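One structure, pasted below without further comment.
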Amino acid sequence: MHTTIVRSPRALGPARKSFIRRNLPYLLIAPSVVMLLALIAYPLLFALRSSFYFWNLQIGPEPLQFVGFENYVQAFNAFDFRAALTNTLILSILGTALEFIFGLAIALILLKALPGMNVVRALLILPTTIAPIVVGFLFRYLYDPGGGLLSWVLQSLWLPVPAEGILGSPSTALAAILFVDIWQWTPFFAIVLYASLLAVPDEILEAARLDRASAWTILMRIKLPLIKRTAIIIVMLRFMQIFNTFDTVLVLTRGGPGTSTRTLGYSLYEQGLVNFNIGLVSAMTWITVLIVNVIVALYVFFAFRNEEW
Amino acid sequence: MTIDIGNMSRRDLLKSASVAALVAGAGSLAVPRRGAAQDANTVRVLSVEDPFFFSMKALVPEYEKETGIKVELESLSYDALQSRLVSAFVAKTSDADVIVVDQMWLGQYLDNGWIISLNDFIAKDNEFDLSDFIPEVLYSSNMWRGQVGTLPVAAYAQGVMYRKDVFDELGIAAPPTETSEDWTWTKYVDTLKSMEGKSFGGKPLFPTVVCGSQPSPIVHMFTQVSASHGANWFKSFPAAPWDFAPQLTSPAWIKSVEVYRQLYKLSPPEAINYVWFDAGTRFAKGDIGMFYWWTPYFYLIKNSGYMTGKKSDIMDKYATAALPKAEGVPQTVSLGGWSLGIPSSSERQEAGYAFIKWATSKATQKKMALWPDLNYQFSDFARVSLYQDEEVKAIYPYLDVQYAMMKQGNGKVTRPPVPGYTAVESVLGLTLNQLLTGTEEPKTGLERANSLFESILKGNLMIPYQKDSYADTLDGAKALMVKK
Amino acid sequence: MSRRHTSFNTALTYAAGLLFLAIFVGPILWFIALAIRPAETAFTMPPQLTFEPNLDAFRHILVDPGTNAPQLVNSLIVAIGAVLLNLPFSVPAAYALSRFKLRGKKNIMLWYLGLLMAPPVAFLIPYFILITRIGLQGSYFSMILVLQTLTIPFSVWLMKSFIDEVPVELEEAARVDGARWYTIMLRITLPIVRPGIIVTSMFAFVFAWNNAAFPLVLSSRSTATLPIGTLGYFATSGVTWNYIAAAAVLAMIPPMIIFLVFDRYVVRGLTFGSVKG
């Protein structure tokens, strides 16, 4: 195990330093930060300003009047807000958790390094490389009640498939959307966790084995703590991505049946690009950003409490 | 862990702006900009890929040859088109010279000044004749506040399609081809019920099929039933002064939901998730007895694939009929379809008008109908004369039925094209979708939808309505057509 | 551990491997089959496993009328452009975050990731307005630029974990020889982290390639990308599954080839900075 020695700029050169040298790290970071700020600040500020105006493109081309927090009130009272928030939380929490667990299980099996398993590993990543919208079409086909492979497999296994079809029944539609996300992203977790576990130095594991630690103990006490940071990061990444899901919902169910698969991302799409209520969608954007922010901030606070960088 | 804009100094902003400008400059060198390579002899047309598009596209080379004008024809999915158009309007850019306008969008596009009125063009144009158009279509899809905002390139009504062979075998009398007091929604449901539990050709038969997917598909199909029953969305529209107090709790709505619920019970259960084409595709597969839908399905069900032109199994086994009506209520048929308009940001409005005139002309529409590829896929005429054209009728034998439906059409009542329509449509679609599967009383669901309508319309400053009202009428449309 | 026990374990592992392939690759193969099967065999119950394959759908999307062939090129331009623009921004940042002691490094690192929490779909209209103001509407570059909000944060993280792995002693040695910092970065560190650049570029490529939201409003007729083209076959009046599948397969191929070709780099690199000293 090698150690990366982090040096301060002072250690890098002679005592007399130019401006560039003194601020070198910041100058290297600056382009990306400025670029991202420019790209992300504009829409966020645009949304912040618009959220306090009545601005509905179907009613008039320009913002009509200042309405204070009226758009926020409307967003919270919208017929689908509670359902969308609940579904989004279910999808993102369950999705991230299940993808992590399945991914870890697959990673551990891949680690056995049997001949030929390399091929399995190489092919496994494929679902993650497909566009979500294409995955939506793929599963619309698989779920079809009149010829979908998945419906048929479930029927053949004597599992009850609702008469309305998997996507047509309120009891299965959300689970079906969840399954699509799990299908697409479990391989990503599997490969990342595999790569990280592979980097765990053998010496440590050997020592543990000599101490007759069980496989379970080794996993929980040694392997997982060593890849903790990777795990924290990819869980956070995926959580944020699922939270904003809209394209698979758009292709698969359009939020139905009823409100059973409505997500915040889909509601944003509907209010923004179908109803063109810019004021309302701006308020919803900020509500969404704030909710994710709080969740992620809490998560980061607890997850990184004892981490040194 | 916040995206902290508060800390962004003015200098940061300036810096970011200059970086953006810098990369933008570099980018425009490397990349051809939209619009840069255009000359005055080009007309840009933005369309959806509905059936009319394919035959229109096939005829465009002919138009280019005749006029020397180059047509840049772009087609998009409905969602993509709507997103692109409105973004372009907001940014006030010239994205196209001719755009396809859904009937629902006409009012907002004209009111917002996004498309221009065609009145002046038509008044100046001596060779142009409005009088061949079906007045009901112009009134429903193209007129707003007394202006002709667009011209119809494909007009849809709704009608019934049924299986002749199934009806024969089960000994069911064929439904009439003209609206009649004996052909009611009650009779329609009874006819369907007589097919319940039967099988045909060794396969179980479903009496009918509906669309259950929210928001638009279910609303498009359901509103035909509600329009037949005389249901109104609002207290006063299109009659002036406009009053958008929602009326969803009236008996006509409750009755219509009961009818539609029965139709769903007689459909395959997965119809709850069916969008527009799913219903048609299902009928073309051969296990449905009878259904009603937009008139393009009169020819679309001949084919088994949308863009393939492969013939379906039922190609020669179906016939069309008039829509049922409600007892004692004059019939109203839902009208819809696509029209062409000119964005106000276009710099080549004359060229745009010339293209629209060509695409909606009798000659072009006839050629589109006679275009044989895709197994003849166009009979959505807005012109009276084409419904009487023998050559066209030989290919599309159902045109009399279709015309009879058109003449009873009123799109301003079935799906009122008022500003903010999609927001209330999504509430109605959701409620109907819930009412199909649930056990809730129609009245309870409709009351809930009614109060949601009210709060949305108030939030959108539609209740009370503050702008000027304008009573568009069918007579007004007729008067406009005669004037020319 | 007895030998029998071991071979049972081995068999179990292989069985699991086959199950994974069935679950994760099976559906993809089934979708590819949809693109080459006769339309009438697409929706049958039970599903029809055998059929006479044909390339009609591919002919339609690529040759006649071939709507999707230029879109394939557009997708390539946008994705490669996004990768090329991404590197000069993310690599220096990752280098700085890996090699220097910075105040608030943790917060900076998290800030990058936090950008990914903004809902892209809500930003489409503001982005369109922004892009129009700088006169880039409908250009490839507008999409390449906006895509950086997705690619840069991810790339900085990934790249940093690769640079972390390079022993700092190598740079020390060069420094003793009097080399400047940029010479060291360009001549010593970057060549060693070439696998990292490859993996970072792969992910940036895939993110850009698969994005459907931005091209929805930012592309024009001549710059539309493949996901937009796929949506086009899902019209209101009908859907043509064979064409959807063919266009989708076309959209799947480049990322898949890239991942299969560069497979060995993926495994070495995707650690996001765990397991180092």
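A, B and C are the chain letters, set down in written order, and residue numbers restart from 1 in every chain.
Methods note: contacts are C-beta pairs under 8 Å (C-beta built on N, C-alpha and C of every residue); 3 or more make two chains touch, one makes a residue touch a chain.
In UniProt terms the chains read C = Multiple sugar transport system permease protein.
Keep in mind that what you see is a predicted model, and the values were worked out from it rather than measured.
Participant: Skim through the chains and flag the pair connected by the most C-beta pairs in contact.
Facilitator: Looking at every pair of chains, the most contacts join A-C.
Participant: Which chain's C-alpha centroid is most distant from that of chain C?
Facilitator: The chain farthest from chain C, judged by C-alpha centres, is B.
Participant: Would you mind pulling out the distance in Å between where the CA atoms of chain A average out and where those of chain B do?
Facilitator: Once rounded, the distance between the two centres reads 37 Å.
Participant: Centroid of chain A to centroid of chain C, CA atoms only: how many Å?
Facilitator: Chain centroid spacing, chain A to chain C, equals 15 Å.
Participant: Could you list which residues of chain C touch at least two other chains?
Facilitator: In chain C, 43, 110, 114-115, 118, 124-125, 129, 145, 216, 231, 234, 241 touch at least two other chains.
Participant: Among all residues of chain A, which ones touch two or more of the remaining chains?
Facilitator: 31, 35, 40, 44, 146, 273, 289, 293, 296, 300 - these are the residues of chain A that touch more than one other chain.
Participant: For chain B, which residues are shared contacts with two or more other chains?
Facilitator: In chain B, residues 1-3, 20, 79, 83, 86, 90, 285 touch at least two other chains, as defined above.
Participant: Chain C touches which residues of chain B in the complex?
Facilitator: For this pair, the touching residues of chain B are 1-4, 20-21, 23-24, 27-28, 30-35, 44, 48-51, 72, 74-80, 83-84, 86-88, 90-93, 95, 275-277, 280-281, 285, 296, 300, 304-308, 310.
Participant: Spell out the part of chain C that touches chain B in their complex, as residue ranges.
Facilitator: Within the complex, chain C contacts chain B at residues 39-40, 43, 60, 85, 107, 110-111, 114-115, 118, 124-125, 128-129, 132-142, 144-145, 216-217, 220-223, 228, 231-243.
Participant: How about chain B: which of its residues touch chain A in the complex?
Facilitator: Listed in rising order, the residues of chain B that touch chain A are 1-3, 5, 8, 12-13, 15-17, 19-20, 79, 82-83, 86, 89-90, 108, 111-114, 212-215, 268-270, 272-273, 285, 419-423, 426-427, 430, 433-434, 437-438, 452, 455, 459-462.
Participant: Please output the residues of chain C touching chain A within their complex, sorted ascending.
Facilitator: 10, 13-14, 16-17, 20-21, 23-25, 27-28, 30-31, 34, 42-47, 88-90, 92-93, 95-102, 105-106, 108-110, 112-127, 129-130, 145-146, 148-149, 152-154, 156-157, 164-165, 167-168, 175, 181, 206, 209-213, 216, 226-227, 230-231, 234, 241, 244-245, 248, 251-252, 255-256, 258-260, 263, 266-277
Participant: For the complex, which residues does chain A have touching chain C?
Facilitator: For this pair, the touching residues of chain A are 1-9, 12-13, 21, 24-26, 28-29, 31-33, 35-36, 39-40, 42-44, 46-47, 106, 109, 112, 114, 116-117, 120-134, 137-139, 141-142, 144, 146-150, 152, 156, 183, 186-187, 191-192, 194-196, 198-201, 226-231, 233-234, 236-237, 240-241, 243-244, 246-247, 251, 264-265, 268-269, 272-273, 278, 281-282, 284-285, 288-289, 292-293, 296, 300, 304, 307, 309.
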